[in-house]
Every structure is written in structure tokens, then in C-alpha cells.
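The same chain A turns up in both complexes below, where it pairs with chain B and then with chain C.
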Partner chain A sequence: MNEYRADIISTVEFNHTGELLATGDKGGRVVIFQREQESKNQVHRRGEYNVYSTFQSHEPEFDYLKSLEIEEKINKIRWLPQQNAAYFLLSTNDKTVKLWKVSERDKRPEGYNLKDEEGRLRDPATITTLRVPVLRPMDLMVEATPRRVFANAHTYHINSISVNSDYETYMSADDLRINLWNFEITNQSFNIVDIKPANMEELTEVITAAEFHPHHCNSFVYSSSKGTIRLCDMRASALCDRHSKFFEEPEDPSNRSFFSEIISSISDVKFSHSGRYIMTRDYLTVKVWDLNMENRPIETYQVHDYLRSKLCSLYENDCIFDKFECVWNGSDSVIMTGSYNNFFRMFDRNTKRDVTLEASRENSKPRAILKPRKVCVGGKRRKDEISVDSLDFSKKILHTAWHPSENIIAVAATNNLYIFQDKVN
Partner chain B sequence: MEFKLEAHRIVSISLGKIYNSRVQRGGIKLHKNLLVSLVLRSARQVYLSDPCPGLYLAGPAGSPAVPPPPPSPQQQQQQQPGEPAAGPPAGWGEPPPPPPAARAAWPEPEPQPQPQPERPAAPVTGAGDAPRGGEVEAAEAAWRRVEGAREAAEGGAAGPAGGSDGFPEGPRGARRQCGCPPGAEDRPGAPGACPRLACCAPRPAEDEPPAPPAVGPRKRGAAGVGGGPAGGPASGSSPLKKPRRNSEEQPGGAAAAAAEEEEMETGNVANLISIFGSSFSGLLRKSPGGGREEAEGEESGPEAAEPGQICCDKPVLRDINPWSTAIVAF
Partner chain C sequence: MACCVSDTSATPEPTQGAWPHRCPGTMFARGLKRKSAEDGEDVEGGLAGTQATPSYSLQRQSLLDMSLVKLQLCHMLVEPNLCRSVLIANTVRQIQEEMTQDGTWRVVAPQAAGRAPLDRLVSTEILCRSVREQEGERPAPDVGDGRMPGLVPGLSAVPSAQALRSPQSSLWEVDSSRENRGGFQKSLDQIFETLESKTPGSVEELFSDVDSSYYDLDAVLTGMVGSTQSGHGSGLQAFTSAATPPPGSSCRSDLGELDHAVEILVET
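Moving on, here comes the complex of A and B:
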């Protein structure tokens, strides 16, 4: 269960145009895919994603003061909007956020006076003429350089980063605190949320995810392990411990169990593109909330309710602690999230229809249409259905991403990345 | 009965998780340990609310003890604040961290019983409160000294209650604190043995971590009961000391777990925790004495329980399979 594999994908994120897709893995590596330019000759063939750049973002570290090993696993990647020819992204592990610049180089200067072609210095006595160096084409090289390192600001494990719509600041959230950074300043950050109690024995909840509002640079939300969401306004005070809005759904007493608290812990929170809704994922459901209504979500979708009777086993094998993410499509009409057995689910908010699909090589050939899957919850199992007890809980889809404008999705299944596109007729 | 066993099983699983979290790469995850501690709390609630005559201590009059109703959720909330123990966190700066469960015991202040009138011995619990705090802090202090040089570290709590010394002391100390002498006399007027046991139960958990140094003095077999917590040098520890070093960094889970253990108000659980405790100390010490300690602890655990307040006989103890599995695991 705890076998360590460096290539397990731990985060997936499209950039703002959808041209690039970044993945981070447990080994601290970032792999960026770029979509091929669509060829006029082959209109039926959509642009495919190919590897564009690979670099080592984080390395394992050791905190000697606390005798604590810091994992190099990339917890989140967030892109900055593109402002020039280079691409910028933030990647973070448990403790340190880094800003990476990914840029192309397809020319190189040649014809230096003081250096020869290999870069060695020439003896000035041998130089008899002067020439102007020229840029000559070279094979495209994509290089990634760390431009900023934002370190030493988090005592606990970073779970989220979010770029502000002002493009000048971003926030990083750990279990108990949220810090606001300016991209240009690495040696200090502002603490904007601090839920650490004076007496740690009184701790009852932790921050599980946080995100800035897509348009209002003063607003952000953070979710908690108690199943609540807080909307905060940075204009109200410097320390946003007091929320502007508090979203919580009363617990259903009939569903109470040993594990009620665990399954109500929110693992992901995402604003809709419109900024009007937030979506939260807890262990068994996805909920959509209207920012204007705090006392309950407007929509609740069951992801895999058949697991409700198996919570004890899932607690034993640690699966109940899995943190699933959720995503909106570009138009906020469909939401998607992962499940076990390499299944992922899509819910159409308008038609109220949902579908279960599987990301696996065995069941899908390239360019084949994905067949909807169904889990049989008891009684007779039809052909093509899979029974709950046959589900493979080691195959979990925690991370998915949706292209910002097209129906292209990226699904991370352990160490494999699947990219699915709408079929063009 | 099934609920009780289920609750037992969940508690043992939870303790195992907290223990394993020490060795996980990347340090202890606060969130996960918090959730595990919440499960522990829920399991404890069920355990307490599911009366099972066979597992409860008979009162002095011979009447089976009836467990007090479980605290209301609000009270629970207060009682199990949660985690992050102030104890030396595993991996948060203290080199060989003690088993989280053991550590966890300390930070948790004695919750309840005051709000529940039916709980016996308000004075007992009251007494428990102070010492517990002291014990916690003393325990923490002891932890820190463990790395350093041990000895007088003494199990921390030389509190009024007597402190948390080694595990064997724990239950005994707790009992003493509660005014339940090893002779197992019931407090006159106390509604039942169980409630009293409750206040006794936590102690053992508290006592576990500080174990290492001064095995001899602390170990105190029979002497322990009377000797009180400060097995020897321990008495130097001030119960009111506030070792908060790195308390922030402590993962709550361990603390919460220990707190949960403390809250378990049944004698057999207390015994098992004391067994765990001795096992932990044996593992921690990694010395030839450790094994001996462990053996002694296991032996003395049930024995310690027996005098006076037999919450469950040895045979019953042995027959509870999840527990034995957990002990073996540790």
C-alpha cells in the first residue's frame, strides 16, 4: 500500500489557454505537455499532447532542527497567465513554493570574438579582426529555470496554492495558516489566515484547501476538515480569521457513524469559472454551493455512495483518507471527479445525468470511445457491471483536469496520464 | 457486545495508524492524525454507551457498574479538543519520538466529568484535572529529558495525583489520584466503579511515554502503588511545569489518540493501555532493559488492574483478539 514510486502523478493542471498541461509527481518532477498545432492537412485529427519539458522541481530535504524529512512530492502546480513568450508556473511540495520559468530557445549566438565555438577563451593576441556575433537557428530547446523560491513560511504541510487575479500575488495554505505572497518578494509573506489555537490541544479542524476568487482579487475561500467553507475578504482586515461567509450543511443524523467526521472532511474546493459557485469534494459526494446561500449546497452529487457501508474497511486500508479533487468544465455545466478502480465520474448539472468512465489501457484503445461503466451495488450483477467487492482500491483517480475551453480532459491514474478528447465528427 | 468489540477494534486500528505515522516519510500529517483521533473519540463513545455487563467492573456492593451516559457531543467536543499534543512530537524536532499514542496522552487535559452529574467523584475528576495537566506537562518535560539524559526525568508528572511514571504506574497512579486505592475500595457514595475507573483510565496513557529513564525507580512494582508517581527522583518535577517546546508542532493525532485512551473509562481498556505503554517503553528504550520492561509491563498490567478494580480478568483480556493483535503489533 505504501510502496514508494517516484512516478506517481500527484497533480495535473492545464494552463489558461489549454495549450500546456503540467503534471507533478511524487519524485518531485514536473512534466509539461504541449498541444500540437492542429494541422490543416489533418483536420480530423485534433492536436495531441506531447512532452514539452521535464525538470526536477523539488528535491527531498531534511529539516535538521526538527529531524524531519521533507518530501519532494509536488502537491500542486498552478500556472500564471502568459504575459510574454515564456511560461510561468508555481509548483509546491510540503514546505516550499517555487516559481519556474519555462522558455524556448531556438537560436544561439555564434561568432564571439573572445570565445571560440566551444566557449573557451581565445588568446587575445590571436585576434586580428572583429566580427559581430549572429544568431543562428538551433534545435528547439525548452529550458526551465527557477526564478523564485518561497521557503520557510510554513510550519505545516502546504496543501494548496492559488494565483490571484491581480497576477501579482498568490497564496499558499497549510493545515493551519494561509500566507499571501508577492511574486517579487521571497523573503517575506503576509499571514492572512491563522486558525492555530493558542493551545494545540483545542484543535478541532484544519484547513484542507484554499483558492482565490477568479475575478475578485480580494476574495478567497478555504475549506476545512469539518466540511465547512469560509469565504474571506482581504479588505475587511489584515488577518482574515473572521469570515465573510460561512458555508455549512447540517449533518444528516441518520448517516452518523464512527467515520462521519472523516467523510465530511473536504478534500478540494474550486470556484466555478463564473465565480458564482464553489464546488467541494468530500469522500463520498461532490457539492455545488451558490455563494449567495450559506446554509446548504444547491446541488449534491453522489460519487460512490456504495462505499458508505464499507467505511470501516476503507478506514483500515487508509483509503478513507484519500483526497480526491474535482474540476469544472469551461462552461461550468459539467463537473468531474475521480473514484476507485480507475473510474472517474462526470455530472452534467443541467441534464442531471451522470456517467462513470474508466481510465485504463486494457479497456480503451487510442481513439476508441470510452464505454460507460456501472458499479453493481447488490443483487444480480449484469454483464459489464462490476461489483463493489471487485473494485480495485489501489487504483484511484485523485487528480483530474479539464481544458479551459474545450472538451479535453486529463486524468491521472497512479503513474499514467490519460488525455481524452471529444470525438469530432 | 458486538459494538463494543467493533469499537475496540477501531481503537486498536487507530492506535496503530498513529504509531505508524511516526515513521512515515514527510513527517506526521496533522490532518490525518486529527481525523484518526476523531474516530478514536467516536469509538470511545460507542464503547461507553454500549453496556456489557461482562466487561464492566463490579461495584463494591457487587452490583455491576453501569457506565455513565456518554457525554453530549458538545461535551465531547470540549473533552476531546483534539490533538496536537503538546508532547514531544514524533519527528517534530525530538529525535526518537515516543510512540504517538503514548505521547498523546499528555496534552489532553482531563475533559469532562464535571458536566455530568452522574459521573461519580466530581472531586475525583477535579483532582484528576489538576494533576492531569501537571502530568501532561511533566510528561512532556520528561520526554524532552529523555533524549537528553534521563533519569530524573521521571515520568513527568509528579503531580498531585502522582503522576505518570511508567505505565505500570499509570493505572496505579491514576487510581490513586482518583482516590481509588489499589485495594480497590469504592469511594463511598460513588455511583459505580466504572466512573471512577474512567478517571483512572487516562493516566496510564499519560504515563506511557516518559518511560525510559530510571527504569528501576520508576518501575516500582508493588512499591509503585504506594510510591506514587514520582518513582524516586520524579518527585522533583513540578506538575505545573509547562513544557511547551515544540508543542505547536505536535501532530494532534497522537495527542488526541492518547487523550482518547485516557477517556476510556473502563478498566480493561486501562489495563490494555498500560500494556501498550510498557510495550512502547520497551521499544523506545532499545536497550536490554527494554525487553525486561516490556515483560514486566505486560505482566504488571493485568496484575495492576486486579487489585481492587478488576475490570476484566486475565482470561477475558486474552480473549479479546483485536487487542492481543494490537499488542503483538507493537
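Moving on, here comes the complex of A and C:
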């Protein structure tokens, strides 16, 4: 499997109703899937997702000043809430954020006076009557047009974008800075966080992810490579270098090693839908934090603790730097994240049960039920188990998404997208 | 070239600060055992497990080498991942700090302006000689190439005398350690400067001089021969060879499938 293929999926996101599912890939393309309307004849058959629109969002660029390529890979897609018939989404690569409008056209005007049906101009001398053009149905066409381009605001690589609950602003975060944008204004943004040291030699920590609070438009969080989360309030000051809250778990001295810091680096942070909790993903665990308790998480889930003894090898092959994302289900009762060997894990916060599933062609015939998987860590391996040493570390599930209200999940496994739904009856 | 992976044959010290970090079991693959009391004069008494035993030192050195190579390989066509670079650099600093506490920190100074490579050879030779003296061996008055005889006796007289009396850490201080340590710090800083504004050739400057002798030894230990001098052009190729696991016994048992995975990863 070639890691440099352009169709490797780099981000997955449902829109606010779950009707649309967008994916971005390494080649700068966005593919949007739309859920079929459930037909009256087959009530029990859930709507399936089909391709709705495909467009090239970003192109590769070259930074002449630094003699470096700027990748066209789509790092994140975020949908705006729907306000009219058209759909809007933000997509970003390392440097530039774009606002795309996706709209349908299913009618076209016919009967122009000055043009004929092919669009050629008619000789005015031949026109003897006037008519009013009418709209006639045509085959559905979905067009995507770039409405705004927000460029030249990031020196470092953008890792996150987040739409504010006011729907007028959004933020973009890179390794060292976070900028606040107004959707209508592309030639300037406000810098709201800047952790760049005066002397780059003193740099020891970077921003890894950021997100707005789902309801309070003045609040946002950002995570760091040292395993900390900061909650900031934009009302406090223009530059939010001072946090309102600082979340960090004390280190466990018995587990200390040269890799401790690396595995504590947070790769993703997500508010719960309720806005009361945040979830963070580091290399080996997922943690749930209560916004009212800063000194430790309220829940910690082991994603693949059997890798703890392999950290040196994983450091050597760079897997230890893989950035896994995590997601909440619609009711904040279940959380999901990916792992290696095309495994992904779900944790039920109420029952404390967890499951490991695999996204692969062999195991996923349509409408087949996924079988839980198990990794054997030592000793005797049972028939269905897979041993740690047999895991395929090139098959990593970094990006997953959960439908906002139903039990439908999207899982990106390299260049394949899997969509799983709850079994009906 | 003498072996410079020196032991702390010095007085064992209690683990310092909040750093109960002598846990090679967690750091590296399971199955690797630290050397125990059979080290003899190298390790003393019950605190053997908390000191830098030879195998731990080797592992740590290997990790340091690996990290430095990783930083170097950052400079490929696309701008390097800053988060990854920062994490690797922090790891290098941690190792450096620990080795400084152990007194095993070797001089790994990229050229300060005008500093002849021989200085570096000479000073590492002195470190080694002092270690041998500590272990009771008779120091051979071997000044390497002998090209700069004036320097060596001057430098050697003080450290070796002191070394007999005091732990290796004071030797480190005598040997103008600040400058050398600063030299390494400077090299880390240079890495970040080059990340900021990449200047072609800076990476080679950074490591070229260090590597020739530094990696000779470690190439034997880690099997990374020839992988570090590639510079820009063969970034991927260098990555492949660097990603090839070292022949160290520690990680081999766990790398069977990872080898395969890594090959897949770097295949273009």
C-alpha cells in the first residue's frame, strides 16, 4: 500500500443534519456523499450514501521564499449550518482555508430572445417577436464554487478549523498561532493565540488542535504537544495567551520513559455536543474531561495499551507521531477512535463496555454484521485473536465521523471509506 | 578510534529530582535485560539497577542517534512537521540531560567557527582516557595523530588527575564542558532556525562534521552506515535506511512485522 497515493482520505465530516458526508484527500479533492431519501416502499432499508459532488478544493503550491512545496492535502473540512438551499463548507490545507458553496441546479432557462438554444447570438434583424424565457427541468447538476479564499495568514501548518456558534466567525489554528476570521472578510484575520517564543530556540511546545465551544461563542479550547488543554475566553482580552482554564493530568511516574512526552501529545480535542465535556486523544488513550475539573480527566480509555512496550519501534518507524482523531456520538454516550490494522474502537461511557471492530473489505460485505476483534497481548492466542506482532501498522484509521443523531459512522481506512449503520431489526 | 560509550563507573548517586527514569524495560522492547551485578567493577552494590549500565547506555545512545537522524531527515521537499520535530528535539534534550547527569555526555559539538576537527578528536580521546584511568588501566600516552602535541598534554594533565579523585561529572566540567554542551544546544537551535527559514546546506553544515567520526562508531552499533550523509536529495532513501531497524538485539524480536510495515510505508 503506497502511502503517497493521492486518494488517501485525510478528513471525514458529517454535516449538521447527517444528510451529507464530506471527505477530503491527499490530492486536494473533496468528495461529498448524500444520503438517499428513504423510499416509501422499503421502509426498513436505511438510506445509503451515494456520491453527490466531487471537486478539486486545493492545488499543490510552491513557496518560493522557502523553496518548499505546500501540500494540497485537505487537513480538515467543517460544515456550516444550512441557512438556505445551498450547502457551505470550509476546507483547508496547510496554509489556506476556502469556503465552498455546493448548490444544485435542476432547472435551466430556455427561450432567450437574443440567443438561440445553443447559446449563439441571433441576428437582431431576424427577431420579430419577444418571449419570456421559462425555466425547464434538467438533469440534476451539483456545482461547487469557491466563495471565499482565506490565505496568507499562517506561517505554520494549519491543523484545525472550527466554526463558531455565532455562524459569523471561525478560527484556524496552526502549530503556533490561532486566527479568528469573519466569513465575509478574507484579507484580514485576528490573531487570538500566539505561542511562538521570541527565540525559536526556546520552542518546546506546539498547538495540536483547537475547537470552539458548541454554544458559547466566546469560548474555545486548544491542545498542545505536551498533553495540556487550555480553555480560553475571547472576552477577557484580544490576545488569548492567558487561559481561563488549564487542563493537565499529573504524570504517572511509574510509566515514565523517554517517550512519555511524545505519547502524551494530544492529537485531537473535541467538545461534547452538550458542551460540558471535552475529549482528548493521545497516542495510547482517549480521555474525557469535565470542564469544571482541571486537574485530571474524569474518564480514561485505553485504546491499544499493548503498544506501550513497543514504543521504541514505533518511534523508529514514526508511527508514534500518528495523529488519531476521536469523535462523540450524538448523545455523547459513546466515543470512537481509530487504531492500527484497520481497527477502530468504541467506548460506551455508561456501560463501560468497549469493542474493537475492523474496517476491511474481507470482513465487510454489505449488510454483514461486524464481528468484534481482539488483540492478544501474550501467551496463548485464541483462534480469532490477532497477536500484537501481526498488526499491520501501515493500516491506520486516523479519521472517523459519527452521524449527529443516528448510529451511522464513517470510517476512513487509507483510501477507502466505510460507512456502518446500526442493524435494523 | 577508541570506544567512547563510557560507563558511569563513578559513585552511584540516588536518582535525582522527579526523574525515576531508569526504566529501560518500558523504554525499549520487552525481553531486554539490564546487566546486573556481573558488571563487576562497573556497577556498585544495590543501586546497580538505577545506574547507566552498559546495555542501557547503548540503548540510550542508539535512541539519541536515531533521534538526531530523524531531525536531519526533516528537511525534505515539503516543510517539515513542526510538532514532530519539536517532540524529537525534546527527546534529544531529555537524553542529553540524563547523560549529562550520568557524566556520560560526549562532546558532540558541531564546528564553532574556526574550530579544527582535531580539537574534537582530542577531547573525546581525553574523555576515554580518563575513563580508562578510573578503571585502573594504565593510560597510554596516545595522543591520536599527535599532530597537535601542545594541546594534548595541557588538556590531559588536569582532567586525568582530577578524574582519579572525583566522579566523571567534574571531568566534564573541567573539559570546558559548558562550551561543548552549548555547542550541542546550539545545534538543536540551528535545527529550529532552519525550520523557520530553510537555508540550503545548513543541515549538512550542522551534522556533516559531527557525523564522520561520531557515526563511525554508532554505525557499527546501529547499522545506520551511510544513511546520514545523504542530505537533501535522497531524503526518502535516507529515510528508508534509517528506518531499517538497527541490529541491536533489543528491538529485533518486535520488528519482524514492523520491518514489513516500514518497507510498505516508505515504498514510493
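Note that in this section the second predicted complex is superposed on the first by the 422 of 425 C-alpha atoms of A that agree within 3 Å, B and C clash if a C-alpha of one lies under 4 Å from a C-alpha of the other, contacts with A are read in each partner's own complex, and residues count from 1 in each chain.
Heads up, the rule we're going with is that a contact is a pair of C-beta atoms (placed from the backbone, for glycine too) under 8 Å apart; a residue touches a chain by one contact, two chains touch by 3 or more.
Bear in mind the structure is a predicted one, so any value in this text is a computation, not a measurement.
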Are chain B and chain C a fit on chain A, or do they clash, once the structures share the same frame? clash
Using the touch definition from the top, say if A:415 reaches chain B (first), chain C (second), both or neither. neither
When both complexes are superposed, which of chain B and chain C contacts more residues belonging to chain A? C
First (chain B), second (chain C), both or neither: which does A:394 touch? second
Using the superposition on chain A described above, determine whether A:331 touches chain B (first), chain C (second), both, or neither. neither
In the overlay, answer first, second, both or neither for which of chain B and chain C A:255 touches. second
Per the contact definition in the header, classify A:310: touching chain B only (first), chain C only (second), both, or neither. second
Of all the chain A residues, which ones make contact with chain B and with chain C? 2, 4, 66-71, 94, 156-157, 175-176, 200-201, 203-206, 208, 225, 257-259, 261-262, 265, 312, 315-316, 318, 321
So in the complex, which bits of chain A are touching chain C? 1-4, 63, 66-71, 94, 156-157, 175-176, 200-201, 203-206, 208, 225, 253-259, 261-262, 265, 308-318, 321, 389-394
Hey, which residues of chain B end up touching chain A in the complex? 6-7, 10, 13, 17, 24-27, 29-32, 34-35, 38-39, 42-43, 46, 77, 81-86, 91-95, 107-109, 246-250, 252, 255, 259
Considering the complex alone, what residue numbers of chain A touch chain B? 2, 4, 65-71, 73, 94, 155-157, 159, 175-176, 196, 199-206, 208, 225, 257-262, 265, 312, 315-316, 318, 321
Write out the stretch or stretches of chain C touching chain A in their complex. 18-21, 23, 26-30, 60, 63, 66, 70, 77-79, 81-84, 86-87, 89-91, 94-95, 185, 188-189, 192-193, 195-198, 200, 243, 245, 250-251, 254-258, 261-262, 264-268
